[in-house]
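Order of writing sets the labels: A, B, C and D. Residues in every chain begin at 1.
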Amino acid sequence: MAKTFEKLAYNSLNDFVYGSAPNPVKCKNGMVIGGGEIYPELNFTLPAMEVTASNMPEIKEIYSEMINGVLKRAKELYAPGIVVEFEMLPEMTLVPEWGIEVNNLLRNAMSEYEAKYGLKSALRSTPGDVREFKRPPVMRSGEIFNNLLKTIEGSAKGGADFIAIESTGGKEIHDDALVNADLTKVIFALGVMGTRDIKFLWEHIVQIAGANGAQAAGDTACGFANTAMVLAHKGFIPNVFAAVVRVASVARTLAAYEAGAVGPNKDCGYEGVYCKAIAGVPIAMEGKSAACAHLSAVGNIAAAVADLWSNESVAPVRLLSDIAPVVSIEQLIYDCRLMNVAKQKGYGITFRDFLADSDSKLDPQAYILRPDVVFELSKELIKAKTPFLKTKAGAKLAVDAIRKAVDNKEVFIAEREKNWLDIMDDQLAAIPDDEEKFWHQIKGELELDKFIPAEYELD
Amino acid sequence: MDFNQLSLYVQKGNGGKVKEMVSEGLAQKVSPTEILNEGLIAAMTAIGEKFKNNEIYVPEMLMAAKAMNAGMQVLEPVLTATGVKPIGKAVIGTVKGDLHDIGKNLVRMMLKGAGIEMYDLGIDVPAQAFLAKAKEVGADMICLSALLTTTMPYMDSVIKEFEKAGVRGQFVFMIGGAPVTEAYAKSIHADCYAEDAVVAVDVAKKYLAKKQ
Amino acid sequence: MAKTFEKLAYNSLNDFVYGSAPNPVKCKNGMVIGGGEIYPELNFTLPAMEVTASNMPEIKEIYSEMINGVLKRAKELYAPGIVVEFEMLPEMTLVPEWGIEVNNLLRNAMSEYEAKYGLKSALRSTPGDVREFKRPPVMRSGEIFNNLLKTIEGSAKGGADFIAIESTGGKEIHDDALVNADLTKVIFALGVMGTRDIKFLWEHIVQIAGANGAQAAGDTACGFANTAMVLAHKGFIPNVFAAVVRVASVARTLAAYEAGAVGPNKDCGYEGVYCKAIAGVPIAMEGKSAACAHLSAVGNIAAAVADLWSNESVAPVRLLSDIAPVVSIEQLIYDCRLMNVAKQKGYGITFRDFLADSDSKLDPQAYILRPDVVFELSKELIKAKTPFLKTKAGAKLAVDAIRKAVDNKEVFIAEREKNWLDIMDDQLAAIPDDEEKFWHQIKGELELDKFIPAEYELD
Amino acid sequence: MDFNQLSLYVQKGNGGKVKEMVSEGLAQKVSPTEILNEGLIAAMTAIGEKFKNNEIYVPEMLMAAKAMNAGMQVLEPVLTATGVKPIGKAVIGTVKGDLHDIGKNLVRMMLKGAGIEMYDLGIDVPAQAFLAKAKEVGADMICLSALLTTTMPYMDSVIKEFEKAGVRGQFVFMIGGAPVTEAYAKSIHADCYAEDAVVAVDVAKKYLAKKQ
């Protein structure tokens, strides 16, 4: 199953556009993701309530209300197709039956709407990466790990089209690295720990999903690069730092495709645009219509090369019109309609560039999502031979690209952010190219009670 | 003693110089309480202000906190010996079912920087553990964190645990985290809500002062 | 002040586009509405709580939290300008001090952000049309009417840039006409009662606003055409009926401009697109990013010729990211950014047509908002000499246009809607062109305890 | 008597024919209760079903309701004379501060079509007026409507008014309107929530049956 990507999936930047991927993914009902049209991907979660056995009947009722509201509105708006993501709460993976029950409930509602009204839909099931429930986490064995695999198997058997996960290998070190804006440790966490864990984990997912009729979709550096984004949004760390972490996370998420995943990549993984350029897989992205879940500096540009357009997550809060998930599906459908019309009229690339140009000057996190930037950086990034070296290369490429763009006035960064480019450069320069050497060099500075080196093939 | 210089060293994150100055100060018989308040805590207050005004980022704040800790290593034995108590003791943790700890850790570090003695129970902490620790250390304050809508309700369970034990009144409850709001804090009768780590310092100080 | 519009404000359909109006409106701080760029217009309302004297301190705190959240986010996203609408709850007009206090609170927060950060903003104050609190309503005198004028005066004095209202003259008859899908009574309510009331009311507003430094902005057939839209959405009345009511409401809203209003028209008045074509005034519109307030069939097309882009209304419900008004301003800013970039690149008309084409085939309510349809229908509509005749003409033009579009497969309507075109045609044919004759003809069928004819110069 | 035909006339909104058939039926000594249930109410149930299935619009439903009323004009005196009672009596109104009445009017007409005797207090109705009317007519049910987030809380005040008077238990409270939810209904201890006029019929019938 192991693949390596030695050149871009594209020959021309003019093919790199939303709705179309070099390697589209076909669902059981014939819907094709990345086959030309962009579709909405709707995600929802529970309101304030505990996930317990005694609450499960109410929980199922809530999911039922949400999915039926969403499907009804999608039908009324003549959506050509939608994807629903079921992102499980931790307890739903810790107790696989719970997650699987809800998975099946959603699948049934969707199948019913397809049979009755012809509304095409696909289900993405995303178990929680609950391995970090134990501290330090046991990543490759034990009851929690087995329950994670069980949940994946049950979801696939229950009819999920896609299996995804927000895996957390390396987060033990990355959290602290982030708040300290310590790029050295970020590179270690992503490039050594993260990539190794993803390879291990996704080989399992690919195998289980494949054996049970689902597609192994993709991962996201949510707990890494998105946490960085949120911290930057709050003014905790520099925007340029968050932007660099994003590109540094590419190799980590790409490792899932090397292990055999086929897409669509997960919405919150903005690094998906790089994965699409390199591996040709379709990707989900989220921007302005995910503002219900998090504010961002990438509201439009996130859509530029997306194949699915997501709201990230929303609880069934009552708004003046309807519950929030129904509001989300309406917004996503209209966004997608507009993009598809533009593309059908032959303006796909023009529209893509509207999306990109509208955001890219205002924030480095937006800048590094520019299709042309992604294209150029990806070309260089794949020259690095190993996932670790790709991680380091990604960071360095991002620093250089941002610096150049700042000089050329192509992106605006606050005065106080500028010296962070130098700080990051210095940190990167000190990182050796040899992975083992890096480990032994950094070992002394890591809190070794926070993770188990052996779980990452480290000693 | 040049408190201003001491404060600057703390703010710059220069732990070595901080240690040095505190030691010198003590040798010159400067009051340890004064060193604490006019030097170390003043520095952390200044750094908090700078953060609020978008002049610095969290890493700088953490570096300052570390430098302050370096100073405290020298100062603390003397303070204890002279019977000076910390401005308060707090138990902190992310509630059961929840694994998020970035925010919780920041609050812990900031409160520590404000001179509060912190006991961190980590993540996924059951109600009983909060109660046991609070009793054990004679805490003044309990800080609860939750990042999920589905774990936030557990904050209520923690407070109820203290009520059941008949000791609710002895502690100030401060809560926070993405889904938490002022209104939610009121609804579960928490004493206060802090929307981020910097606000948490102000709020904690206010409530601890009130408590005394 | 009385104006008549005898020809379109445009010579070419290619000038009829979002962000630009023939007669732009300049705010006190220099912001120009309809001067080239489209700006967001943010509206918010209270959560579930009563508006009473004892609640006023808390109410002011809530508005303060909302406005500061919105301004902060607008600043962070480098919004070139925003409009804030303060749509008063009934009690805030019944007790003018309350409305004025909140008006001033908002104005101050906005001025502070402009002074501190250079964020340009303008305030639209919209008192409630509380005249209908008495039944039958006294429309032209009495305490309630005086309080309405007092609120307008106070808001203008307090620094509101724009005064708007959702006036209700004719609603006494229109509500029942709607649920009975009785187009005859709809025409009477809009074309006779509504237009007469608007003329009277807006002459007052123009005078008071002008004397106190505010601009008389515009009205909306919210209680008429939007109620029809909502009823159609629920399946209560046909979509084609709602579409026809929309065009029938044009003359009513236009009457405010005849009385001296200058725009921007109010967001929920989708008939504004016709007013823009005819009177050249800038308009606010709402679509997909107002899904928080109501779902609709016009999510994209509503933006095609908008000068302000609104969220309609949202209470400060807490979402995962932030309170809903902050989420709204983020979405509106990104929508506007995208449209402005497209226009700056010379694709304004192209983008307008993406917006229009993406919705117009799927629902007659969307179809009649197509810029080309609006242009053609407006040309014919202004040939009718009086507001009443314009109302009737609007309805007839809409019926004909929809019928033709259905035949040409340019719009889809459900099978069961088709005979409603005939029903409406028959009803329209039976309405005399003479207003007095119509009144005497319909009088016997109206519930005369519901309104006071003299308030509409009827006997 | 051809109940099917009578039902069809009601559904078509043909009030004249309905009146005629009801009169004929009574003349032929058909049971008035049977005419009511098998003819008129059955017709309204059928029309409600058609509406739910998107086969007709509200105007058709209203025409049917008017035709039914025409029949009731003939039938009611006979029903009263023979001691037959309506399936229930309900007071309905839009609460204080709120002027919206389209939804409220639809509910009134639909409930009337279901055979419930309706007393409409209109809009902007204070709590005391609901209480007074309910006592006066011996109502079984109170229907409250509100369209604004700022008037919805007044529903709670209405129910509290009945509690204060010690008569809460005698009435079924049904509430509805745009901002109203099942959860809100529960929170103010209303008996039931109806999301639209058609659902209101089912809910009202269920609760009135329970009440008896």
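Please note the rule applied: a residue touches a chain if its C-beta (ideal position, glycine included) is under 8 Å from a C-beta of that chain, and two chains touch if they have at least 3 such contacts.
Chain by chain, the UniProt names read as follows: A, C = Methanol-cobalamin methyltransferase B subunit; B, D = Methionine synthase.
Values in this document were obtained by computation on a predicted structure and should not be read as measured data.
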Intersection of the contact lists for chain A and chain B (Methionine synthase): C
Rounded Å distance between chain B (Methionine synthase) and chain C, as computed from the means of their C-alpha atoms: 52
Between chain C and chain A, distance of the C-alpha-averaged centres to the nearest whole Å: 40
Computed distance of Cα centres, chain D (Methionine synthase) from chain B (Methionine synthase), in Å: 61
Residues of chain D (Methionine synthase) touching at least two other chains: 149, 179
Interface hub residues of chain C, defined as touching at least two other chains: 45, 315, 318, 320
Pairwise touch network: line, ring, star, complete, or other: other
Pairwise chain contacts, counting only pairs that touch as defined: A-B, A-C, A-D, B-C, C-D
Residue ranges of chain C touching chain D (Methionine synthase) (in the complex, touch as defined): 45-51, 89-91, 132-133, 135, 175-176, 178-182, 227, 231, 234-238, 315, 416
Touching residues on chain C, where the partner in the complex is chain A: 45, 73, 77-78, 287-289, 291-295, 297, 299-300, 313-315, 317-322, 324, 326-327, 330-331, 333-335, 337-338, 340-342, 345, 347, 350-351, 354-355, 357-359, 362
Chain A to chain D (Methionine synthase) touching residues, read off their complex: 318, 320
For the chain B (Methionine synthase) and chain A complex, residues of the former touching the latter: 51, 54-55, 57-59, 62, 97-99, 101-102, 105-106, 122-124, 148-154, 179, 184, 196
Residues on chain B (Methionine synthase) engaged by chain C in the complex (per definition of touch): 149, 178-179, 181
